[in-house]
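Pasting the structures here.
Two complexes are shown next, each including chain A; its partner changes from chain B in the first to chain C in the second.
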Partner chain A sequence: MAKAAFDTPRIPDFPEIPVVVEGAMGHSRPFAAAPEHQEALGFPGRLVEDWHDRAIARMGELLGRSRGLRVFLDSCVKCGACTDKCHYFLGTGDPKNMPVARQDLLRKVYRRHFTLAGKLFPKLVGAADLTEEVLEDWYRYFHQCSQCRRCSVFCPYGIDTAEVSMAGREILASVGLGQKYSNEIIGKVHKIGNNLGLPQPALADTLEGLGEDVEEETGVPVRFPLDEEGAEVLLVTPSADFFAEPHVDGLIGYAKVFHQAGIRWTLSTRASEAANFGLFIGSYENMRKVALRVREAALELGVKRLVFGECGHAWRVAYSFLDTLAGPFDFLDPRYPVPQHVVEVTHDLIRRGALTLDRSANDERRVTFHDSCNVARASRMGDVPGGQFTLPRDVLRAVCNHFFDMAPDTIGEGTFCCGGGGGLLTDDLVELRVKGALPRMQAFREVVERHRVTHIAAICAICKSQFAKVLPYYGFEMDQILSVHQLVGDAIVLGRND
Partner chain B sequence: MPILTVAFALAFYAATAILVAGLAYKIAQYARTPALLKIPTTPAPLTRAGVAARIAREVVLFESLFKAAKWTWLFGWTFHAALLVVLVGHLRYFTEPVWAPAGLVQGIAPYAGLAMIAGLAGLWARRFLVDRVRYISAPSDHLMLALLVAIGGSGVAMRFAAPTDVVALKAFVLGLLYFDWQPIPSDAVLLLHLGLVVALMAVFPFSKLLHAPGLFFSPTRNQADDPRERRHVVARTP
Partner chain C sequence: MALQINGKTLDTDEEGYLANLSDWEPEVAQVMAESDECDLTDNHWEVINFLRSYYEEYQIAPAVRVLTKAIGKKLGKDKGNSKYLYQLYPYGPAKQACRYAGLPKPTGCV
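== the complex of A and B ==
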């Protein structure tokens, strides 16, 4: 692997809070979206002439339709409680990566234009005009936030920097300064149905190949149905699951679960993507448009249940927003929650004894679990708060004998981001991704040393890709990241159930 | 009527009007602005009652802050709890006969004043000593602490060093309430104290003190985690 021109942080013996180094990540800037990728999403192709006025106007519109943004911009007391909670600050020391300072980039312009104090005494209250320099700061530092919401757990008012960076990105895109990675991908979903731009024939081909592979390996004809009308379950999963390691092993795991449970399921071309990057760019309209594809697919195929595969932000959009954006889903079977997470499905089957599992199949693996931010802090599984933490762990303990958690303040609601969420999973941000992974790598190294852990399991396509990329920078192997359903799939005893 | 009394009386009416109208405006604005999506920070309570309890824990215990930063919590909580005691104690100037709780805290109120100053001092020290907090502090953050320390300091000074004529003060305050103005005692420390309180009331709705109403409207804290059980739609969902 070609190492980039930066130093991978040294993992200290104990977690450390870095000293502030102004401008440490000032050079980090993702590629800007090309005009065609902007326009496909309804944004101007390039920076508009009157960007200043349009940015302020757009900010006004967002303030008028987001109570959260309003309250967050007004309420911060600069107590500093969030300053050491962001993995990007911990990994870079750049003060603008402290959540409050990131918010202040937007807040100072908000104060200048929308508050009396900022209009009268800008210097006194830290208000500032939207200069070209500030716009650049927005572009750079709103793309150094993975929208993981860790800061919002610790803020006394729950101020969620993710909401602020989403608003910031939406304003930027609406004046012509969008991010290439996210916008290009959203365009593909609008046009073709998935992030990869994989058309139906290619998808059908891939799935057929997968079925053959599994049958060859196990002797059991496990199916990977596509666009099958009348199936009971529509599975919507991140398109990474269709081909890349370790994602695809997760898809095989889901297929084995459905097979053993005798559930008729299908994938859909129209909704061949669980991811919804509309969230990342803060665009309600784009997020809604992507979400509607799921509704259309469910209606088209006449399914009874909606199940989502392993993807963190996708589960947030599905669990928290789907009904709002694309509901009501009253045409689905009311006996099941809409939507369900595949972990919920598997968990329920295990609890009911519907799967025969052989834990020893995973005996050569010693596993820890990475709570993905959006699952941990923006959604739930099961019917009690915190089910998003217990259900995946219950499943892991049911399928492997050696499970160990990382340090308590780095999992659960305090989980550290993998470093690649929120639309930052792109090579033009690799330095940021590597440095932002430091806190997670530190916690991982600790269980490696203490418990000889060999693998991290995750339920998020972005986390999996990110870990595969950054683990080697810290002296680990890229294949130490696994899908939870790969472990499930390997432990399932295929064949007749009693 | 002495000019001083007139000036202070008018200032108090004006400050009260600004405080009440300003807060009412902000609260109405928060209440009217739609929360399009469900964004509670999870794990979150599943019911409205659970949400009420969550907010109550934030208001009374500063639960999230406690998770985040123990020293800040200690100083911040001490300051606010002491401020509450002091404010309750002050109601003895506004009520005749004295409202029972105000009488009850009378004995400890001066010490609460000291605790309040200590808490503020701790919070202020962080703004100088911790590089991260120094970076995020604007002049207004220092000024707000200075204002509160000055209010607390002048108050405590009157209790321990330069007593004022509380009987006359109470007459002045009740006079304000019943529009029957009485002369204000004219010692410097009291006038300073009252002048600063007027300033605090007037800046409240324009400053970060909006965190007090803000907390109740923060969607990450005040929404229940029930999007699968209850379809969340607001009238203005685009």
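== the complex of A and C ==
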């Protein structure tokens, strides 16, 4: 493991639009998936000989399936509103990381093959052939988009770059050029049930240990049930919650909430993962297969409610697509939303006075909240518009005395990605991840200086791992990132509710 | 990529993890540590040995908390935390120590 061979960007005093440096990230290329990882997902093992024709054919199929994709490819007027909105452009200065340029990598080939003008007069309409060089650009730059959709907030036509980069990755995988990180992980979900490849005995052992730890610390036997039939709630949470820090402290927080509310809950081996990387690689078939596990687990265990833990894109898939991917869920209790976010559960309990909270338990911490991109721009919580922004903040204010928001244009709908979303949370892309974190680190530094903020709280496993990795590059500590439910768990007063 | 150990050539993946778990021997950890300019102390070895015995039982690396608890029991409570493990393994106990121990790299949002 060589030391980092790049410079961490300097945080400017004010947000700056960087000087354009052509090809600045042209070397950034994630490891390609090995044949066994490709084939397990139904893709060819290596680049097929007739990759050009198959790529164009696949593009045609995707256009036929998604009207949105065609509209996004047709409607750009090159107004430039998106150019300085992408954290990867702001952190790298590479012009191909401007969202419009990223879209154009696919758009120029689309025009060449699927529009009359592009077929007849390619040069006049910016149409181009799919050459080896273009294919390579797709691989490099569709893996420099975290599909966070910040650019589409600012696009007057609402063009969704994430849909374009997902389509690009889908085409790449279907001609044999998949990404190792995502595809290896999806294979593990299909085979073992979670991203980590954590088999049932290890999961049971880990959960038993957590129960012992919490009882030792609090004197209260808080349970971490696994595969318990007849439980009311099935909790589907990222497997990082079993494995990593600070994720596991969030899991302990959920367990304390369920314990204190008297809700019988369970985790499931079959659905021991909330994440659905099928979304990241744009593969409907894989996304559906991963989502169906959740349905099977809910039926198998006979639960009445489905609750998702702190995972950003899982909540997007659950909130926006679960019913069409794996529904109908008419066997669940209709008095509760299907699915429900754990923040909604906790928020509701707090509102009804069902939890006793001691905010002073978090007095050592001064906290800000990072809105995770998929929660912020692709879902909602609660029953009011913008609930995905207000509910987590309500919960944080209920459990800690010192809460401060970052600058308004860096949170809420305009939130900056952590820099590691969309299947990019891998060591082979660490330069991209560090540079892409610049806008978030800048906003964080500002509240550190202005309000002496000590911690960022988040509700996404990717954001948590990404911050733990990149905070030290910017002079902070890796443990300055917390799970929202860690703060809840620390403030909750266990014991009898009066 | 490949490692030269005791006259044998051992295959590794792109990130330097052993391709075949059964190829591991203590020299593997030594050679990997040397190329990272890391001196393996007895405490490093406690981590490596625990990872290997846990993997043998469960076919997966232990969760960070399981590892810190086990190390705390062996080396004293003050060392049973991830800060200490990061001092030993600055690239991350889960990833760097797993590599030295011949285990596959943990995957997922970690």
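Here is the rule we use: the second predicted complex is superposed on the first by the 495 of 498 C-alpha atoms of A that agree within 3 Å, B and C clash if a C-alpha of one lies under 4 Å from a C-alpha of the other, contacts with A are read in each partner's own complex, and residues count from 1 in each chain.
FYI, a residue touches a chain if its C-beta (ideal position, glycine included) is under 8 Å from a C-beta of that chain, and two chains touch if they have at least 3 such contacts.
Just so you know, these numbers come straight off a predicted model, no measurement behind them.
K.L.:
Please indicate which partner A:Gly219 is in contact with in the superposed arrangement: first for chain B, second for chain C, both, or neither.
P.N.:
In the superposed model, A:Gly219 contacts neither chain B nor chain C.
K.L.:
In the overlaid three-chain picture, which partner chain does A:Cys76 touch, first (chain B) or second (chain C), both, or neither?
P.N.:
Once the two structures are laid over each other on A, A:Cys76 reaches chain B alone.
K.L.:
When the two structures are overlaid on chain A, which partner does A:Leu425 contact: first (chain B), second (chain C), both, or neither?
P.N.:
A:Leu425 sits against chain C, while chain B stays out of touch.
K.L.:
What's your read, chain B or chain C touching more residues of chain A?
P.N.:
On the superposition, B touches more of the residues of chain A.
K.L.:
Between chain B (first) and chain C (second), which does A:Gly262 come into contact with in this model arrangement: first, second, both, or neither?
P.N.:
Neither partner.
K.L.:
For A:Pro408, using the defined touch cut-off, is the partner it touches chain B, chain C, both, or neither? Pick first, second, both or neither.
P.N.:
neither
K.L.:
In the superposed arrangement, which partner chain does A:Ser152 touch: chain B (first), chain C (second), both, or neither?
P.N.:
first
K.L.:
Just to be sure I read the superposition right, which of the two partners does A:Ala240 touch: chain B = first, chain C = second, or both, or neither?
P.N.:
A:Ala240 contacts chain C only, not chain B.
K.L.:
Output the chain A positions appearing in both contact lists, the one against chain B and the one against chain C.
P.N.:
Dual-contact residues (chain A): none.
K.L.:
Given the complex with chain B, which residues does chain A contribute to the contact?
P.N.:
17, 19-20, 63-68, 70-72, 74-85, 95, 98, 100-101, 104, 115-117, 121, 123-126, 149, 152-160, 163, 284-285, 319-321, 323-324, 327-328, 337-339, 376-380, 384-386, 388-389, 413-414
K.L.:
Flag every residue of chain A that touches chain C in the complex, lowest number first.
P.N.:
1, 31, 180-181, 184-185, 188, 194-199, 201-202, 205-206, 209-210, 213, 238-240, 242-245, 247-248, 275, 311, 425, 427-428, 461-462, 464-465, 478-479
K.L.:
Touching residues of chain B toward chain A in the complex: what are they?
P.N.:
26, 29-30, 33-39, 41-46, 58, 62, 64-65, 67-69, 72, 76, 123, 126, 130-133, 135-141, 143, 203, 206-208, 210-211, 214-215, 217-221, 225, 227-228, 231-233, 236-238
K.L.:
In their complex, what parts of chain C are in touch with chain A?
P.N.:
Residues in contact with chain A: 14-16, 36, 57-60, 62-66, 69, 82-83, 86, 91, 94-96, 106-110.
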